[in-house]
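We call the chains A, B, C, D, E and F, going by the order they appear; numbering starts again at 1 in every chain.
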Amino acid sequence: MTDIVTFGETMLRFSPPRGDRLERTRELDVQAGGAESNVAAAAANLGCDTVWLSKLPASPLGRRIVSELESYGVETNIAWDDRDEARVGTYYLEYGGEPRGTNVIYDRANAAITTATVDDLDTDPIDDADVFYTSGITPALSETAATTTEALLQRAQAAGTTTAFDLNYRSKLWSPDEAAEQYRDLFAHVDVLVAPVSDTRTCLGLDGDAAEMAEHLASTYDFETVVVTRGGEGALALHDGDVAEQSVFAADTYDAIGTGDAFVGGFLSKRLDGGTLREALAYGAATASLKRTIDGDVALVTPAEVDTVVADEHDTISR
Amino acid sequence: MTDIVTFGETMLRFSPPRGDRLERTRELDVQAGGAESNVAAAAANLGCDTVWLSKLPASPLGRRIVSELESYGVETNIAWDDRDEARVGTYYLEYGGEPRGTNVIYDRANAAITTATVDDLDTDPIDDADVFYTSGITPALSETAATTTEALLQRAQAAGTTTAFDLNYRSKLWSPDEAAEQYRDLFAHVDVLVAPVSDTRTCLGLDGDAAEMAEHLASTYDFETVVVTRGGEGALALHDGDVAEQSVFAADTYDAIGTGDAFVGGFLSKRLDGGTLREALAYGAATASLKRTIDGDVALVTPAEVDTVVADEHDTISR
Amino acid sequence: MTDIVTFGETMLRFSPPRGDRLERTRELDVQAGGAESNVAAAAANLGCDTVWLSKLPASPLGRRIVSELESYGVETNIAWDDRDEARVGTYYLEYGGEPRGTNVIYDRANAAITTATVDDLDTDPIDDADVFYTSGITPALSETAATTTEALLQRAQAAGTTTAFDLNYRSKLWSPDEAAEQYRDLFAHVDVLVAPVSDTRTCLGLDGDAAEMAEHLASTYDFETVVVTRGGEGALALHDGDVAEQSVFAADTYDAIGTGDAFVGGFLSKRLDGGTLREALAYGAATASLKRTIDGDVALVTPAEVDTVVADEHDTISR
Amino acid sequence: MTDIVTFGETMLRFSPPRGDRLERTRELDVQAGGAESNVAAAAANLGCDTVWLSKLPASPLGRRIVSELESYGVETNIAWDDRDEARVGTYYLEYGGEPRGTNVIYDRANAAITTATVDDLDTDPIDDADVFYTSGITPALSETAATTTEALLQRAQAAGTTTAFDLNYRSKLWSPDEAAEQYRDLFAHVDVLVAPVSDTRTCLGLDGDAAEMAEHLASTYDFETVVVTRGGEGALALHDGDVAEQSVFAADTYDAIGTGDAFVGGFLSKRLDGGTLREALAYGAATASLKRTIDGDVALVTPAEVDTVVADEHDTISR
Amino acid sequence: MTDIVTFGETMLRFSPPRGDRLERTRELDVQAGGAESNVAAAAANLGCDTVWLSKLPASPLGRRIVSELESYGVETNIAWDDRDEARVGTYYLEYGGEPRGTNVIYDRANAAITTATVDDLDTDPIDDADVFYTSGITPALSETAATTTEALLQRAQAAGTTTAFDLNYRSKLWSPDEAAEQYRDLFAHVDVLVAPVSDTRTCLGLDGDAAEMAEHLASTYDFETVVVTRGGEGALALHDGDVAEQSVFAADTYDAIGTGDAFVGGFLSKRLDGGTLREALAYGAATASLKRTIDGDVALVTPAEVDTVVADEHDTISR
Amino acid sequence: MTDIVTFGETMLRFSPPRGDRLERTRELDVQAGGAESNVAAAAANLGCDTVWLSKLPASPLGRRIVSELESYGVETNIAWDDRDEARVGTYYLEYGGEPRGTNVIYDRANAAITTATVDDLDTDPIDDADVFYTSGITPALSETAATTTEALLQRAQAAGTTTAFDLNYRSKLWSPDEAAEQYRDLFAHVDVLVAPVSDTRTCLGLDGDAAEMAEHLASTYDFETVVVTRGGEGALALHDGDVAEQSVFAADTYDAIGTGDAFVGGFLSKRLDGGTLREALAYGAATASLKRTIDGDVALVTPAEVDTVVADEHDTISR
């Protein structure tokens, strides 16, 4: 019995040393990063049994990604792509500081996963899982990936597995209208929606505050749970009429990439562990704040560390 | 003629790169660190003749520690332990940031020094020194170490060498009660006590503010000098009825480990140089603030640098 | 169904940069290394399902070892030791070159595994495995470890799992006589013996060439298979009267540590895959030669790479 | 047609890792740095055609400097010094943090450029340039360098090339009186003066605020443009009776060295591109703030990055 | 007047530390590498004025390549590709040692240069150059690149610029038959052919020794000069009936990548400098042997270093 | 009582990573190196009490050198030079491989030691020492240094301290004739001469084999001991009519710099320990061969390591 199965693209992430620029660097730090595997890894570190489904080239670079994810305790279930032209997606991350932001350059077109069909994948783990999770990045990768995403959500739903979905809008992959159309198709198969405020506004055209957004989404699409995330201003969750809010925990940010995924991984793992909506929000927020102190996409933290943050800071839980 | 002799354990300190976690690091930075050698090294950098007594395995790892301390100008006087099982203590330091603190993992059990008897050591330098210094860590290491600590303090006292002692309570080594009992045995042989407020409260059960603590300690145990340190809130010293206070100098903290030892090294070296109680406190505080900008346990600073901090900031010397 | 289960100690291995000495290094490379996990990792890289059983402290250092092994695809099954004093074994590896050899310093006393009882461990995977493997290092760690080693071999035998054992004599852990006495106790439960020539001579007092040793061992202790390894001079295997020999494949040695374990991992994986005695020897020798080109204890190689070495060099297969 | 020609010394800059001290470092980062080449490199990155004139030893170290500058797109025009004793200037930069400042140690005496005569140099690019730039460091290097500096400014002026000069007073090279005397000789040939407030006060003895200084300088020495820079308090420019002011843009400072040169590079490139006095100040300030986020002396930034800073922050442009 | 113009793809080259494997590396060294820019850089280091034409994305990654090449003194003339999907080619280089070879993984499909048309490029430098050089890699990249390659060779020929071409067959880009057909089309516009023996055999089906190959190629396609390269066995050149041979100079190989390009760069620069066929072969071979001692694709060597190798070893010049 | 006092210059040594070139390196390794301190450090590592006399700038760079030497256990006795212009000598070391040799670039002119007078130095340790050692580099640094060198040799002689001198001819510092003249002046005060064959030939014009050279030198200048070193061909010593020879021990060379100094350090320490001429030669040769496996100028080895080399290889001791 698996707790969480996720499906999506994981890339190699290349970063020059801090202060150095891509234009002249002699050295790149290498990490694996991708929204869905980030969620799986955070949840695995927090004690869940997790499986990550994907398609990767049968090459040292594909194996590099698998090797790192397994080091976090994630079980990997990979469709290995033997084609000569199969490639991993990559992204270049250059750390910045005010007034120059952290910069990301994607080189992900034609990655192996863009060709992933349902038949390529071993979907058995989905049937046995408590939660199946993917995000709005995956259907944006290619038409094939979109078709597969929908099919997997349907399959999960059919098997009684709770489905969770984060909008994760990426403007470099598609337009808000394209995203919105796809989102609406997928929403029919989604139980738990994670909706960043800005994505909700940009793609779905919703106004109002987080509570209004959550209400609107839940009533329109009949989600079991809606979590609206507001970046530095915390998160709000709505489930069955119950509303909970959570501010962020203060963090000395070393690496902000993956904060949202850490939140989702923490939230889901606490829910699976029987936590209340409020407890899960706090757990997610604590996981996210810890992530910011750590190099790389992944929240490599322990349950004890998360508990400490939650306990020390319980006063900051609002509402 | 030596200015300061110290006795205690020095460990190899291993740290992953900032942002990285011990769970997955591929690389560790190596430094030597231990309260008593930190004091000796700070004082040596500030111009004192210092000798550090200890027991280490006759191995490249034992020599690694000696080599680093001699690079700071500390004279080392080592009982070399030839046993196959002789080991150096080690500690792992993982830098954190809010909300995850800097984490220390000790692996120091059965280090060579836990077997150090008076007969193992060449104690002649103690007789010729102005000050003999050790801390509450040393007697906590083993019964043998405790016996040796007491014997060395006695010997110093007998030779007319001023004895200085920092409580340095370590909860991972013993309980407050065990510590208190030992402290009280040693206090009879101590002239200068350095008492962190929290240790004083936890182990000796003293309440009140720093001044009250200092008074109480001085009158109860007949110390020549008591210095109560209050972390970020500065220090207070009492000597012969004279009281001086010193706030901390602001610092961009790169590495906080060893701050207290830097303070003691600075304080003692200024006293030996004829400084008043107030001057010594300022000198100690300045040394401590400089230490925080430097990687490693040791305050690798010059007298000129300390003087600059003291001079620039004299307004912050309170009282 | 698991192919190979191994049991033993894995340490953190610390190495200064090449050319640097432990006496003055500022930096250590970190890897996980231990005979039995090296075998499991080599076999996992070569396509086997492998499980590694051990006991480790519930600390970032214990998790560091698990994380690396899982990155190689090894399933880990750990008795987590919660005691404050639980520690990982460590070893320091300093690369040398003629006339100064590579130097290893162990700091492994009192590692968590020395307290591992059968009850601590989840031994179910042994029953379902094709092969259970451990080596002469494990029983040398402590009396408890010796008792547990014997019990696990017995359990494997009872379950019909083939048992494999490498003498792996370590003079820093026990004397030849102590080892020999223990070996003889264990031999009753061993099906496949890997016997380095020098260990065989030193501990068991056997003379003669590899063939004679193999014959003597097989007839005396009734092993199913005996593999006598001769370092740079290759290996000889005896199974059911059949004898095969294999010379070593030439290698540009970058890191020799773990060569023998890579050989065993390659040999066992080929046997499990239905290879003949000769094929398995060649596969083991090729895995071992590839290992020597790779930093760290583990043969991080693919079956295709091993096949290429075997094919290119088949002429060097003697006999 | 070249936009900007600069003349001056560029040194190799050696820095230990952050937190480490020169007293014990094992490793130095290497960069090329010098006021005039910093200006040329910033301007080149911002789209100008720039040429840097200098004299360097015909050695790998001299070529190291040229190689780095050409990597920024600066054209180098070097008098190669074949003498055995020819050397590059070097400087050691140790990063600090409060209360220990960043420390610079120069080892630049007798660098090849101190022997640079007009005849050594290929001055043709000056005639074809829009702007010729040098700073007060160059004439301070040696009498020969001072003579050459004056001759080049004269030559530029004769050719109708705008001349720009930054006081850049360096107390380690000469006294305020020596500097002032030299400055006054050179001012006759300078069109655009960049005058740091503190240098103006120290060397030229001017009081008053930036506007008063600018007025006084312009009227006394008949400069076309005067830019008074006030460190963290921004800059003020006076041109033809027109006054513009600019505050600094906030920056997370990673490396402050070269901030002033980045400002000049940005200011000049915007003026050459037809920008108003105000636009050029903003462009310079934005370039300077970006520089502070980057390791090394040089503002390795793009015009788009500078435009973004200017646009985002236009409200902070005062007056 | 430019000496050599080259046209082709340059990639970012990523290498893990020696001994480490791509499967688990945390760090990649970054260099720029491509046959035609390698030739340009070698020639520039040896004193030629060289220009490299190419098409790159207008991104930090494209600029990274340009920055490195300009650091070698190569003038770059780039068609900047503004499309979002424009990418640089990359390749991963893993150093090996017997029995595991150095491994290269290309990820170069759809690089910006595959869309480079003659209209994209500024071809003026070709008209003013002594030599125009490209290799068989360029037409293999795409049909567009093939068309452009032929057009540039024609243009060079029309302008009286000597054309040089290295077969450089890459089996991962096309089949021998496809290559041969393309080669034959291009040969009509080639004056100097560099023909590796194995490519000549594989693609053009020629047998015989180097002299016979050279004769056959020269007489069939009417080349002015043919240089047949034989890897470790040296090279043979034929020009106007004159034949010269050159064995390789012994080298401690640190990095073999780019050896052939270093040879071509050395050969062409000596020919341009008026060297005889024999002198040019020796110069090329010496440049190639020096390259092998240097990290990266490029022969970063001086004319003096090449002369020393040639002089010391003149006895090894055969024939 | 000190065993050996040495006097000479120590420089900071800067090396790019292997395979990288000074022309483009981003990083330099830092070590302290100088013939006389290399000898002192080797001897200290081998158990001698050693003192190194020198003059250094009172700066972090001067202290960097002292810090490293004290880390080897050398006692330093420094005349600190407070002048602003005081500098340390530096040298750049670029590792090569056939056909490109290891390259050294000195930047040592005007180092503080060139101004060292007898009055600057604390010469007391010389009087109490067994051996005073310096080399032909020191008098070549400046006239002042030459005068001081002679005065110190005289003083040692007067005090009954054995004087040892290595020709160490450096062609970049002076001509053979200049050296020879100086050597002859100094020889009157030298007891033990170390004479590299090539220096003997170049400067002193001696022909013949090592034995003839030794005879000639001993009889002409009345040395107590002459050691003629022949690089890869070993060494020959003559003392009181007794002749001993020693071939080199094979070594995998990682860093050849300092080999000769290691030899001298080993030779002298064995002589001081009562070793025969032959034993001392073997000890010196073993120390030298170990040095070649270690990064940096200094033979950081233990007596046990040297003994092992001597014992293992005694067959290679010729004659």
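Simple rule for what comes next: a residue touches a chain if its C-beta (ideal position, glycine included) is under 8 Å from a C-beta of that chain, and two chains touch if they have at least 3 such contacts.
Just so it is clear, the model here is predicted, and its values are computed rather than measured.
Novice: Could you tell me which chains are in contact with chain C and with chain D alike?
Specialist: For chain C paired with chain D, the chains in contact with each are A, B, E, F, in label order.
Novice: Where are there more C-beta contacts: E-F or A-C?
Specialist: E-F
Novice: Superimpose the Cα trace of chain C on the Cα trace of chain F, which carries the same sequence, then give the rotation angle to the nearest 5°.
Specialist: C-alpha superposition angle, chain C on chain F: 120 degrees.
Novice: In angstrom, rounded to a whole number, how far apart do the mean CA points of chain D and chain F lie?
Specialist: Using C-alpha averages as centres, the distance is 44 Å.
Novice: Measuring centre to centre with CA averages, how many angstrom lie between chain B and chain D?
Specialist: Chain B and chain D have C-alpha centres separated by 47 Å.
Novice: Of all the residues in chain F, which ones touch at least 2 other chains?
Specialist: 21, 23-24, 26, 67-68, 71
Novice: Quick one: which bits of chain B touch chain D in the complex? Just the residue numbers, please.
Specialist: Where chain B meets chain D, its residues are 71, 249-255, 286, 289-290, 293-296, 300-301, 305, 308-309, 312-313.
Novice: Along chain D, where are the residues that touch chain B in the complex?
Specialist: My answer: residues 17-21, 23-24, 96-100.
Novice: Tell me, which parts of chain A touch chain C in their complex?
Specialist: Residues 67-68, 70-73.
Novice: Flag every residue of chain A that touches chain E in the complex, lowest number first.
Specialist: Of all residues in chain A, those touching chain E are 14, 21-31, 59-61, 63-64, 67-68, 84-85, 87-88, 90, 92, 94, 103, 105, 107, 109-110, 172.
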